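By written order: A, B, C, D and E. Residues from 1 in each chain.
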């Protein structure tokens, strides 16, 4: 029987990034989907040959422009582990604060894109308007909207005054209240339920079988959150990983919406618990060249990221490898796209919150 | 590598409910190869990991993660460029991306991938950019360039 | 009378950007920057577009895609390279898979610097692109 | 007049017998063309000698009587049916045919047959004239088309044993009996012709004699024989009730309660032959016959016998519960088959569903019975005969070129067979684009429905609104496929040159007919159909077609738009003026796109068949069930005389 | 006044009306999204630019078919206000819409074709309603033409509340508003890129836009039919309906075609069909 073939991507407005799928349709049901990526591969891992380990963090930040803070942090944490550098306490708390704010930023961005993909323009605009407020916080505290370059091996480059931190908490809580209304729309609007509820269902077993990570796994009821392991100061804050059980697109939206509130709470906790005062040490500079290897895991907005760093005592690292959450979630996406409707394809692709740039490096 | 034992171990990890966290390959370039700004420090040379490397080998590591206690289990092998590596996509469906990637970037032959993209994943400009030949060529070019730059700098300084 | 200055429709393509500039391009559409004030529409379709906004640099694989998209755009058309990578390859210029800035493939009319380029400068680039569009129209007319 | 009619009936029968003995292809071509021209000429002469248009009644020419002729023919047919049934181990057909024969013998042997009014054997009025012209002209064209079609048919499927002598013989026998049917006034005479057409259809459906087609042939035979049995039953009831067997007298006005049982049975006969639900299945099976058969028997003429009978009965049953229920059977059939048609991929079957739907509309009009609706019914007969006949022939031609009836394989037809596409477009336009008769007819029908009081009017309106929208969907799909273009190879370009001139002549003539009828819409309405409708219902003089000049202009533009455009576009050498959008991927040659894993592939596109929303089989079954229940109710109403 | 004058006026003024409406629509949408939005005359600037731009045609059929689309859309409106039989107008209206489907379908490309198929689905969904609506209006007023309805003493809207309600629902389809903007998208962030206009550029796209403006004007004329006792009231009602559509457009997600088809048929059958049934039973 004849089938319709839709060449989906590399240029496609649903996703700003080039993801390529050959969709084979009957009516509008996707009977097969052949994926490929590679349109954005730069060869970033090879940059260790050219860039000294002290500067490699700036390259790592540019793995992805959305979670650039986390990538920079991940790189620095890895090097700190190899070189046995203790990070000053206030710097550790600042990292947590920035990390959680960037999670809020990323989720808001994603919620907007998701809303746009299913044609809900108001939500798109409102999410992005709120996101601009987060970017203002970033710009004020780090100097950059997108690329912050505030992480150093052994600490952070800049301090944020206590007064400013208090103001940020106030601002975030206000944002949280405003977001509550938006979240209500996402969770309850019948037209959104029609598009998301029961679409792209990934059962908990499937999520484990395809090794899904982050909100993707948590929306299927799999409790996994790298922050739970308590590293980097997360053992000093209270939080429960957000999970949902439905495993459909709506559940993935809900998980991220609840994580926005959770992250705001974490920022407040961090500000309360961090040592106060001006002029505290922020950085312990490492000495010499690194030797050894390490695996570092962080919970990014999109899920668990894993860095492998191997150093051989020269200024250049021997190997730097980042396994990003999207890399781990693509098999789940391919699994879900098969058998869905053409109209669901954008939703399914977007609910894994793909970052092709991360994936291909 | 012992294929049977390897697959048995992977199967065990799969049964235990571990997740595949990473398949990583490192191109082992002998320390003698010129590296950018290569001034190995005394302390570092003793513990250098690269020393154990046989020439033209790859170090391949499969990393499995346990959700419950967040531990990482690793299987590490050294393989030559001609060796055939068994695919673990039979156990861990998500392995196909890693395996396609190491085939394309490192030139390793992985056998039995459940979704074989046949070298169409990245289609890089430099074919097999992390093969020993490619890495060495890059490093040598870099060293030559650095040397030339240093020489030029030295001559200009001398002139000044 | 020419309407090009009042209705520039853009096509955005992410060549091999890190997402930073892409997101800033999208941010231009949203309430804070609202480029629709100038009649800008993000079309997503080369056949409707007047301005090709490219972020990221040219690599082995997307070189054909960039050419195809440009060819499918009806005349007159301009190319705006957004961000350091699109201008020159940026931080990745020396990576093995990067061939360089967009001008390796297409005649670029406007270069927008920045890593990531700020929305303000992107809007500025688009407005400069409109000028180039007008000139091209006059030349062809 | 009477000798002309006898000639029209007898001449094709003679030619049919003659063709049985002709095995030379060339000789057969000559005979078929000449005989066809004579038949067509005779039908035109018949129409021309019709005079002032008042109904004429006449008997056989001097010296001829029916005698026991009818009974002899019936016995022969029954013997034949018994023979093939035993040969193929079928049970139902013999039972039905024996039942029918038993009624005939009972009437004959018990001496119950009333005296025949020898001067009123035949009835010729404007409806007969329309039918005679359709049979004579369209029938001839289809016979000529078959000469080319059958040659290619056997070339393209060498496994099928050629039985072309029998095929052409049957076509002519069919023409003769069809002429007889539409001019008969004496019911037993009509029944004989009725049964001959059934047999012809049976034999032509089973032409290939495969297990499958024989099954479908028997389906058709059983259902039509059931109708024949009902027809016989009606005659029996009429005779027992001392009623007349004269159709014209029977239907001169609203029937008395005593007449209704017999009329109900006649309606049943009409419904079976018109393939209305629950009897629609046989017409779908009939699509396995060679395409000219479908054009001639299963769209243009034979199935029209059913609605012809119902239109004849219309003045008698209008206003009764029987009439209303028959009308609803027709309208619901129209609704359901149009819905099923949305899900069908086989082009011939889509055409079949469309045919059943159009017939359903006519049945609806006949059952409700008003001058406007009868006008609509006859208009649809004319347009449908021309347009659908053309479409079947075109599909046949395409089928022989590409070996497929699948709508999906018709894509880029305009590039591959430009002229055939233009002809197809004329046919499709004839069936559904606004100006042509069918839509004009629908429009008038809606106007008439507005006048029907009570829930019936509302229901009919809703059925019409939905039913006619459904048709847009499947015609739209077909149009998209036919009109799409791509670059063609030299070989593909040469395919059109190998179509025989017989096929060209027939198709172009039919297309010209479709256009002519459109242009002379007003004249046909004023001169033929309108007066007929008024005569039938003894209505006051009125104009049925409220066409204003602006509407006429719109119609003509719309009529010619697509075919002319297609012909113009096909003259362009370069169909691929620029690449289409493929998400940035390379496109070559107008339809080849780069694929994800490298390599390229020609784009394939599949129409929507509303999977998941409309379940064709389920709808068909539901329609059949509902209409069967309605039919039983209608028969019951008839039996109790309501 | 002579109906022909109305017809000519419609052909001339409907694009102005439709364009302004589109301009207001874009500003209103922007305000709902807390943006400023484009100038009021933006749709005209866009149209002007499209006409000045090069047109890339994929095959020779597309342009004539699109001209047919605009032409028949204008003719529909002209015939409507020019006093031609309303039910006939309904058929021409469907024909005009069909030409757009054909123009996109003949391109034979994945995105255009899928857009065309969806548009066909949308046509299938909306068409029964328009036939039913115009038939019901004719029934209520015993008139057959636009002028006839306007001069009828019977007030239409009070007798056809269900049909009017269904109209506001179905108009979402014809105005290409979310949730029913499944075959084309002004925002481009959907799976079909630009749906059936994917392969149209320059003036070809301008034709589509023009036809859409005519379509808006036709819909406005339909609303006036409901308020046949006062044309200003009809225009006001259209403004209210349109405002509601804009609100709905911005605050709902795009439906899938299955839902479009099912819900529109259900609304047509229950609201409009029920209303018509009541009409026939009571009269």
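Quick notes on this structure:
Keep this in mind: contacts are C-beta pairs under 8 Å (C-beta built on N, C-alpha and C of every residue); 3 or more make two chains touch, one makes a residue touch a chain.
Source: prediction; values computed, not measured.
Minimum number of contact steps separating chain C from chain E: 1. Common neighbours of chain A and chain D under the contact rule above are B, C, E. With respect to chain D, maximal separation of chain centres occurs for B (centres as means of Cα atoms).
If you tally contacting C-beta pairs for each pair of chains, D-E comes out on top. With respect to chain E, maximal separation of chain centres occurs for B (centres as means of Cα atoms).
In this assembly, the C-alpha centroid of chain D lies 36 Å from the C-alpha centroid of chain E. If each chain is reduced to the centroid of its CA atoms, chain A and chain E end up 43 Å from each other. Once the centre of each chain is set as its mean CA position, chain C and chain D turn out to be 60 Å apart. Computed from the mean C-alpha positions, the centre of chain B lies at a distance of 74 Å from the centre of chain D. Shown for chain C are the residues that touch two or more other chains, namely 13, 30-31, 42-47, 59, 61, 65, 69, 72, 96-97.
Residues of chain D in contact with two or more other chains: 578-579, 581-585, 593, 596-597, 603, 605, 608, 610, 612.
Residues of chain A in contact with at least two other chains: 4-5, 7-8, 10-13, 25, 28, 36, 38, 41, 43, 46, 50, 124-125, 129.
Pairs of chains that satisfy the touch definition comprise A-B, A-C, A-D, A-E, B-C, B-D, C-D, C-E, D-E. By the touch rule above, chain B contacts chain A in their complex via residues 17, 19-22, 24, 26-27, 29, 31, 35-41, 43-45, 47-50, 61, 63, 67, 70, 72, 92-94, 96-97, 115, 117, 120-124, 126, 129-130, 135, 138-139, 142. Considering their complex, residues 342, 411-412, 414, 433-434, 439, 442-443, 446-447, 449-450, 453-455, 457-459, 461-462, 464-466, 468-470, 472-473, 476-477, 479-481, 483-486, 546, 548, 550-551, 554, 558, 561, 565-566, 568-569, 572, 575-583, 590-591, 593, 603, 605, 607-608, 610, 612-613 of chain D touch chain E.
Against chain E, the residues of chain A that register as touching in their complex are 4-8, 12-14, 25, 28, 115-122, 124-126, 129, 185, 189, 191-192, 194-195, 341-346. Residue ranges on chain A touching chain D, taken from their complex, read 1-5, 7-12, 20-22, 25-29, 34-36. Remark: chain A residues 36-38, 41, 43, 46, 49-50, 52, 208-211, 213, 222-224, 226, 228-229, 288-289, 291-293, 295, 297, 304, 306, 308, 310, 312-316, 318-319, 321, 323, 327-328, 330-332, 334-335, 360 touch chain B in the complex.
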